[in-house]
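What follows is a single structure, and I will ask about it in a moment.
Which chain is which? They are A, B and C, in the order written, and residues in each are numbered from 1.
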Amino acid sequence: MMKGLKKWRLFSLLAVLTVFLAGCGQEELSTLLPAGQVGKDQFKLLMLSSGIMLFVILVVVAIYVVALIRFRRSKLGEDFIPEQVEGSHKLELVWTIIPIILIIILAVPTVYYTYKLGDVKAMEEVNDDGKAKHLVVDVTAKLYWWEFEYPELGIVTAQELVVPTKEKIYFNLKAADVKHSFWIPAIGGKMDTNVENLNKFYLTFDKESEGLKDGVFYGKCAELCGPSHSLMDFKVKTLPRDEFNAWAKNMKATEDAKSVANANADGEKVFQASCATCHAVSGAGQGGAPGPNLASFGDRNRVAGFLEHNEKDLKEWIKNPQKVKPGNTMPSFENQLSDQELDDLAEYLLGLSVEQ
Amino acid sequence: MDLNKKFTPETWPEHPERATLEGKNKFVGFWLFLGGETILFATLFATYMALKNKGPSGFGFSTQELYQLPLVFVMTLLLLTSSLTSVYAMHHMKNYNFKKMQLWLAITALLGLCFLGLEVYEFTHYVHEGFTFGNSAFSSSFFTLVGTHGFHVAVGLVWITLLLFRNAKRGLNLYNASKYYTFSLYWHFIDVVWVFIFTVVYLMGVIG
Amino acid sequence: MSSVAQKRGFGAALWDWMTTVDHKKIGILYLIGGGFFFVVGGIEAMIIRLQLLKPNNDLVSAGLFNDLITMHGTTMIFLAAMPILFGFMNYIMPLQIGARDVAFPFINSLGFWMFFLGGVFLNVSWFFGQVPDAGWTSYASLSLASPGHGIDFYAIGLQIAGGGTLMGGINFLVTIINMRAPGMTYMRMPLFTWTTFVASAMILFAFPPLTVGLFFLTFDRMFDANFFDHQMGGNTIIWEHIFWIFGHPEVYILILPAFGIFSEIFSIFSRKRLFGYPAMVFATVLIGFLGFMVWAHHMFTVGLGPTANAIFAVATMAIAVPTGVKIFNWLLTIWGGSIVMTTPMLYALGFIPSFVMGGVTGVMQGAAPLDYQLHDSYFIVAHFHYVIVGGVVLAILAGVHLYWPKMFGTMLSETLGKITFVFFFVGFHCTFLIQHWLGFWGMPRRVWTYMDGQGWNTANLISSIGALLMAIGVIVMVINIIMTTVKNVRVGNDPWGDGRTLEWAIPSPPPFYNFTQTPLVRGLDTVWIEKQEGNATGLTFAEPITDIHMPHGSIIPFFMTVGLFIAGFGAMYHQETSWGLPLLIFGLAWTFVSMAMRSLKDDLGYHVTKEEIQADINNASKGGQN
């Protein structure tokens, strides 16, 4: 009987464990499968704190269950008057000191990692030739899209962050309109983009995004910013350093390119007439445009940050952006562009690429 | 409690404001209320400190150029004196001297009114210079902090005026003694807040 | 009293309730008002969960969803949880300390009407179609950018309701300081009274910052001020600090009275003195104190720098110690006791594991670097629902069952009560446990919908089903209340049989003057002590039967609040209409004149004579009450 019980316990433990392991979420956006040093540090802290906390819960539940079994009135009789114990200094001391010890065990690494992850001194470091030692990306959050500027490289992109793997990448974070928060769950914790100051932090990307389900990590806006807060996604492409350099070079090279190789000329005309006031197709230069930079649009994974990357969804978006992403600042083109123009424009946009 | 019970200075209790349960409740409750008010003003002070001299790009106002110490100094004197006169009034209340208490409280109110008049003058002056409420974060926080104090003074004036007139004919009793006393507490509190405003806003603004 | 009121007809009864200054009636008004808003907030929650039932759902629009989450949070915290707890504090605390009323009955009534009309003001926004939509925290950049009058309703409605709360807090403090019965020393006060005391002190210091913050917001939105407009030199982080300097103590203001209710329950239904009473009192005070030192842990990701984050992280963790002391003292209270599974006890027993889980996830988020991941994800949603539902709401439901017979003289059905508990408790864990994992899996909070293919579908479905179970539980409770009221089986002084404190030694419901004679308190759990010594009534009196002084009712509190209500609309519309400013002035003047009337007209109350009291005592003993 006892043996059976033990087996049953083992089995349920295994079952719980399986559920737990299955509960790690998806690689491209789960904090439980960290793909960068920052996320790994935080995951360590998560494991440590969960361990301590599970211990606390177990102790409480154990006392609780025994008390419930042993001291029921149905067992003790209706007339039983328990001894009116006032308390016990010894016991109370025990459950004051043990929690303090547990807290200290957690507090020490907490303080250590707080300083470690908050250390951005290296941002200012320069090489002998006066160039910044580390890659710095300026992130600007705007109503429902993200702009990524690489000031040292003189390039700018949007919606899809491209970074090299296995090195510290530093970020300058700010918001252009209302407060947002920059979060790539699988890589590391978030930091707010405030309207009045620049926030700085770093992340490292250990894993290339190529092998992932969509070939990208998922990024999220984590601060309520209006109706389309939930749709303010971005994606992160991580490349080995040499591929990143090539990408950056191609981006820079779009500077003078008035048209791309296999561009739809009619689509380009439509673009110049209707879109160019807000959107740039050159990835060189600085940020600050009213609309996302589209230089690498064809290489991206999503339309508007979250729609499927195909012609149908793209046209849907251009026709009626308010319906897709309420509250964004792009006007509707439903009555301004003919079907033919829309087809041409979509083809042109999907052809914008720096990776071929 | 009997409103018509007559007292003599001999039968009048040592702490008339706390002689009844209602009075005691008012006494404790008002102290607690002032505790809350302290936090309120602390928040306003902290905000003012954070937003001092902050404005849109090209903002032309600063504490050094804006404030005029002589005027504020006169205001400070007026309010400090009014605090003293309210102490006299409470002294006479304890001695069951209703007439003198009323007189000193009237003087207190008069001084408070002068203070408020000067503050209105000061504010109008700033507004004429273009330093309006909506001009900048600095102006918003300044007018809110100092204005909240001014509002408290105004409330105190209305309060004491009502008390003076309401009780003019019937004299002191244990029912209104606690009302007079809480007013004097309030008035001291306003005075203390002003001392902080004078120091933090004006002195540190001009000198610091 | 209520039966007398019924005879006088509906109008007279309504007038009676609107003018009442009796702490017991005001307590019931708080419960009714809070209960109403609890249902409103619950319906909002159900719509939220229905919207998130499946990916890409479009049951409600994105804008409406933000309205719903904002109003759900605001309603539940300010208009449901707080007022219901205020209801218990109002009703029970004066009885526990042997008082005949609170210190300021008039202000008590004013506090209630300010809460209620403030809540109505907030919810009227639904009829204007311009609803607060910046979250219950209403962070400044978004709340300034929000179009329409939604946020105006938030700022002014909360201002009115918050003023009422502050008055209530001061009132309770003075009551406890000045009006305890002879022998009721501080260290003999029942724990519910103690938690009321500490929570009230926290209200006193936490609400003024909220008042100031809401004024800033009002000024910025309606009067051209620039506190939070960074282009004019303002700073939005100031709002965050002010809000959380209020907001963090606020959650302790909610949980402490809940602790108090559970302390009473554990003691009563284990027939045992609260274990380590002095430590419990000390822990309560310490939690109240530390509650003011940790607000920035809501702002770890704002960018305050590692030093600030580290300090606030450690301070936050420190709160776990006094809370742990409480949990273990409760466990040791039932240990060695005689546990009986009544409905209130079931809630109390359900509370322990639920609240511990909410507490430990709080410590996890106190670890700042880990919080960078957990902040604003579904993990935090799970955490605060575990402490607020698993702590406060379970306490409220427990309190309703525990004190119902005392307040209305009739017992809620135990069977239905237990069914409510099972549905609510299972539903609660089903809804929120899985949300911890949603947070781990990268789901941000306050999202209107989510895309398919992120691995969140099943978990969200489970969560929504849980919400449905909770709703069923609440519906069963409403049925229970209706059935009980219809049946109306009367009960005696101590329907649970093991009452330990003064409220269980007087009739249910108590006469309007509470105690025929002021009781003498001989120790902690004085009624229990008396009964153990063979005094079946549980009371020893400190005075002979004398005339009792009682305050008059007044309609002025209601009128004062109506003035503020009107002024609110004036402030809101003064920029776009010509009638706004006059209306604002009219409303404020109305309030002021009402206040002056109160001040100028002497109101010395009246006396209940010895003879009337003696008659009541005789009646009660004839009525066969024990």
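Operating definition for what follows: a contact is a pair of C-beta atoms (placed from the backbone, for glycine too) under 8 Å apart; a residue touches a chain by one contact, two chains touch by 3 or more.
No experiment lies behind these values; they were computed from the predicted model shown.
Chain contacts here run in a simple line, from one end chain through to the other with no loop closing.
By C-beta pair count, the most extensively touching chains are A-C.
If you average the CA atoms of subunit A and of subunit B, the two centres end up 53 Å from each other. Chain centres here are Cα averages; for subunit A and subunit C they lie 36 Å apart. Each chain gets a centre from the mean of its Cα atoms; for subunit B and subunit C, those two points are 34 Å apart. Among all residues of subunit C, those that touch two or more other chains are 234-235. Every residue of subunit B that touches subunit C in the complex is listed here, in rising order: 1, 3, 21, 24-25, 28-29, 32-33, 35-37, 39-40, 43-44, 47, 50-51, 54-56, 59, 133-141, 144, 162, 166, 175. Across the interface of their complex, subunit B is touched by residues 103-104, 166, 170-171, 173-174, 177-179, 204-205, 207-209, 211-213, 215-216, 219-220, 223-227, 229, 231-235, 238, 242, 245, 596, 599-600, 602, 604 of subunit C. Those residues of subunit C that touch subunit A in the shared complex are 61-63, 65-66, 133-135, 139, 141-142, 145, 230, 234-237, 270-273, 275-279, 301-303, 305-306, 309-310, 313-314, 317-318, 320-321, 324-325, 327-329, 331-332, 334-341, 349, 352-353, 356-357, 360-361, 363-364, 366-373, 375-377, 437, 439-442, 444-451, 453-455, 532. Every residue of subunit A that touches subunit C in the complex is listed here, in rising order: 23-26, 29-32, 39, 41-42, 45-46, 49-50, 53, 56-57, 60-61, 63-64, 67-68, 71-74, 76, 80-88, 91-92, 95-96, 99-100, 103, 106-107, 109-111, 113-119, 173, 175, 177-179, 181, 183, 185-186, 188-192, 194-197, 199-200, 213, 218, 220-231, 233, 306, 326-327.
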